[in-house]
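In the two complexes that follow, chain A is the common piece, with chain B as its partner first and chain C second.
What follows is the complex of A and B.
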């Protein structure tokens, strides 16, 4: 059975494609502007395989970047909870940096690091890092007084225990934020590839754009949608399994 | 180990009025004492002052010989990643394992310690919370509504057993139950509203113990005194 995320995407994709075709036939546009269904199917058969590999390549970079930003956000949030002023400083800095479009910094990264894996990874991580950080700081800075009181008053509280309590109590919130930021990691990677990289589905879209080949772009979008949905489904599944396990223990 | 508060005045930051103005009290030695009074008069505030959570008040609290004060309240929770017994074992010193079993039995928790805290009823949760505090090293344990939602029979059994198990420790029991504080506590500190003077009045309780016969006349008098003072 298809997961709801996947069939939601399929429905949206079908509606979008239907609108495009309605526009094509309603305004009598040529196949050069909007390809016919035959052309789209032909392109899918020809480029489906290579594009699928490109999507997997992009997905791998997005997952790596996502993991990197989760780890980094956890470390910074754990440090940020130490004192009120460090937490406040990190939170303010994160808000300000988040307000700045990271994509605008991407050319600098490509100039400095080249158009290889590092640049794509860094941009993907940067795009999903700040929303993650803000949520993580919120979670790790907020005391769970009714649990922590005992450990504080008996002198048993350690930083590991404090982090464990706060993470455990907010596991649902953390899972939701991680799933939400996964889309941003994927978007960041594709945008990075689109700007300057030489691999991934973003790069393929750039080539298709230069060729004004909308059929290729539609095929790429379809595969991106399915790939992203599958990643989100996996994360949701892992999050639910973790929560279920913690509750049943 | 008497605990004596002198000329205590306190106002919460940004609050309009003072909670206490020139408050004086004295608790004599080990035993089961009570802090009684209507809601909002400052029972929890005074408890937090005694435990050192609230500082920066005027006046002094002299507690010579009281090394460790613990404060527990009825909304506390145990972490959810292990069952209640595993949690007790984690926080109880090895030497205190026998006492742990004894407390589990007295508190009527044998059938529940294998469960997670969130699966327990409110009364069971409060009992589990109190057990873990009793397993700690303390000189004064402040129990802020710690036996709320526990039935009367079990509450009585628990208080009497605690008196037997910890004869050399001091307990300050915060409760709204007049009959209970009058019956089981040796000294009842009745805290009154800020407009009344003195703000705290000490009433002698019956200090009922397991082996002793209770005197209904004495209990009635203590209850009347408490109600009158409040």
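What follows is the complex of A and C.
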């Protein structure tokens, strides 16, 4: 699984880089517009180490933000499945909040929380929680009639049991959505760092953009790709392990 | 001939002449460094008040922005002329970009640092020691600040560098002593807020402290200069004339109106304060000719970038600076 993910990423990255270099030599562009292979290698040697640490920093925040968004989506979906007014209100509020572009909301977050970890975490969570929320609301609002009917007719149905039944019956769907939203968590964290932070690879990309240094950005993109692939593989592995365990019960 | 027929004939003739003239106009794209603001007032003035047309050009003045790089657009052929800061130009030249500088818009770099003189004692560069100074890491204010520190023999460990963003709260709250801003843009707004709060303020000018770091300049490609010298000449003539007139206090109202038509976000009262400051930075002395390229300041800028390893090697500054003979 790990090999496949990394392999696929490397192919995509190589194609992208190849196209850029073809453009550079085809149009006879200077190293300022598109860096030469030499410059990319040199930049990788100089900045590879610090950028790797920055990617790990970003990845750590993305993982925390992802966990936060999963918790948030679960809570909102569990409450949102209610037919009562509060359920409907939460659903509407969740959709409305998501309707605002994060770049417009981010400055308010940074003014309130500063440009530290909290802001990065919150923005990462906000960006990746909506796809989770949509699926979670779908899963938790849809009754599993053949099972729930038994507990309802015997008067043993509680809200916890209802949530457990629905989660168990849709575990594959939930796992897929969680894995899918992992990339959003990474993107969210990078966006947060890009807008206002003093750490992480998004911050490094911002500085590189100030300096019009595409070589640095290419190195950063490579490391982001590898980091994200590793995280996705870990999630897929954890999801498979969980499904196997539940099936064995 | 009936009078009405006469009028129609004259109108048709005027229309045909106008069409013929329009056909003759040579179209070029001019990419600014930033969004439409007071630093582009002369560019907009030249465009809207017919300076380019009179020189046989149809110039599309396009706003820049954080994601726009005029130098890359020049090389890719999307723009024929552009505005870029000196550090951008030198970085590009160091990497082989075939560009030349046609004119220097600012004689004094508008980048300054604001501080509160009643809270921050400052009378010379040496007194930066021990201060908390805002800086945009990666931005040209970082290069300028590091040059200032080097000039006054202050190690980085002797100051506290504070990462700056668009939010001025850390400065308002007094957590930072010096905050970078553009004297002809944000400074006007921030100063007004501080005045309303009854606070005093002053500006640290790197130029006065001996660091002359060139700001925005008009650039084009070597190819344009070599293959279309007449176009370059006409463009530059019209642009400089437009700028001179836009900065002329007698044309202030027209210049402000031109800018307000393009930039609907900035209130007129703010623009009215920004324009005289811009004039001071572009024409600091009466005898200075607008657009003059300050070769000494360019060389100093190159030396600063080189000393901070922001360019891979030295750049032949003289060959970058273009003048019509």
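Note that the second predicted complex is superposed on the first by the 238 of 249 C-alpha atoms of A that agree within 3 Å, B and C clash if a C-alpha of one lies under 4 Å from a C-alpha of the other, contacts with A are read in each partner's own complex, and residues count from 1 in each chain.
Please note the rule applied: a residue touches a chain if its C-beta (ideal position, glycine included) is under 8 Å from a C-beta of that chain, and two chains touch if they have at least 3 such contacts.
Quick caveat: nothing in here was measured; it's all calculated off a predicted structure.
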item	value
Contacts of A:150 with chain B and chain C, given as first, second, both or neither	first
Partner chain in contact with A:32 - chain B first, chain C second, else both or neither	second
Which superposed partner A:168 touches (first chain B, second chain C, both, neither)	first
First (chain B), second (chain C), both or neither touched by A:45	neither
Winner by number of chain A residues touched, once chain B and chain C are compared	C
Contacts of A:244 with chain B and chain C, given as first, second, both or neither	neither
Touched partner set for A:4, first chain B, second chain C, both or neither	neither
Contact residues common to both interfaces of chain A (with chain B and with chain C)	none
Chain A-touching residues of chain C, taken from the complex the two chains share	66, 69, 71-72, 75-76, 88, 91-92, 95-98, 136-139, 163, 165-167, 169, 310
Sites on chain A touched by chain B in the complex	146-147, 149-150, 153-154, 156, 164-165, 168-169, 246-247, 249
Touching residues (chain side chain B, partner chain A) in the complex	51, 70-73, 75-82, 91, 116, 129, 132-133, 136
List of chain A residues in touch with chain C within their complex	27, 29-33, 35, 39, 107, 110-111, 115, 196, 198, 206-212
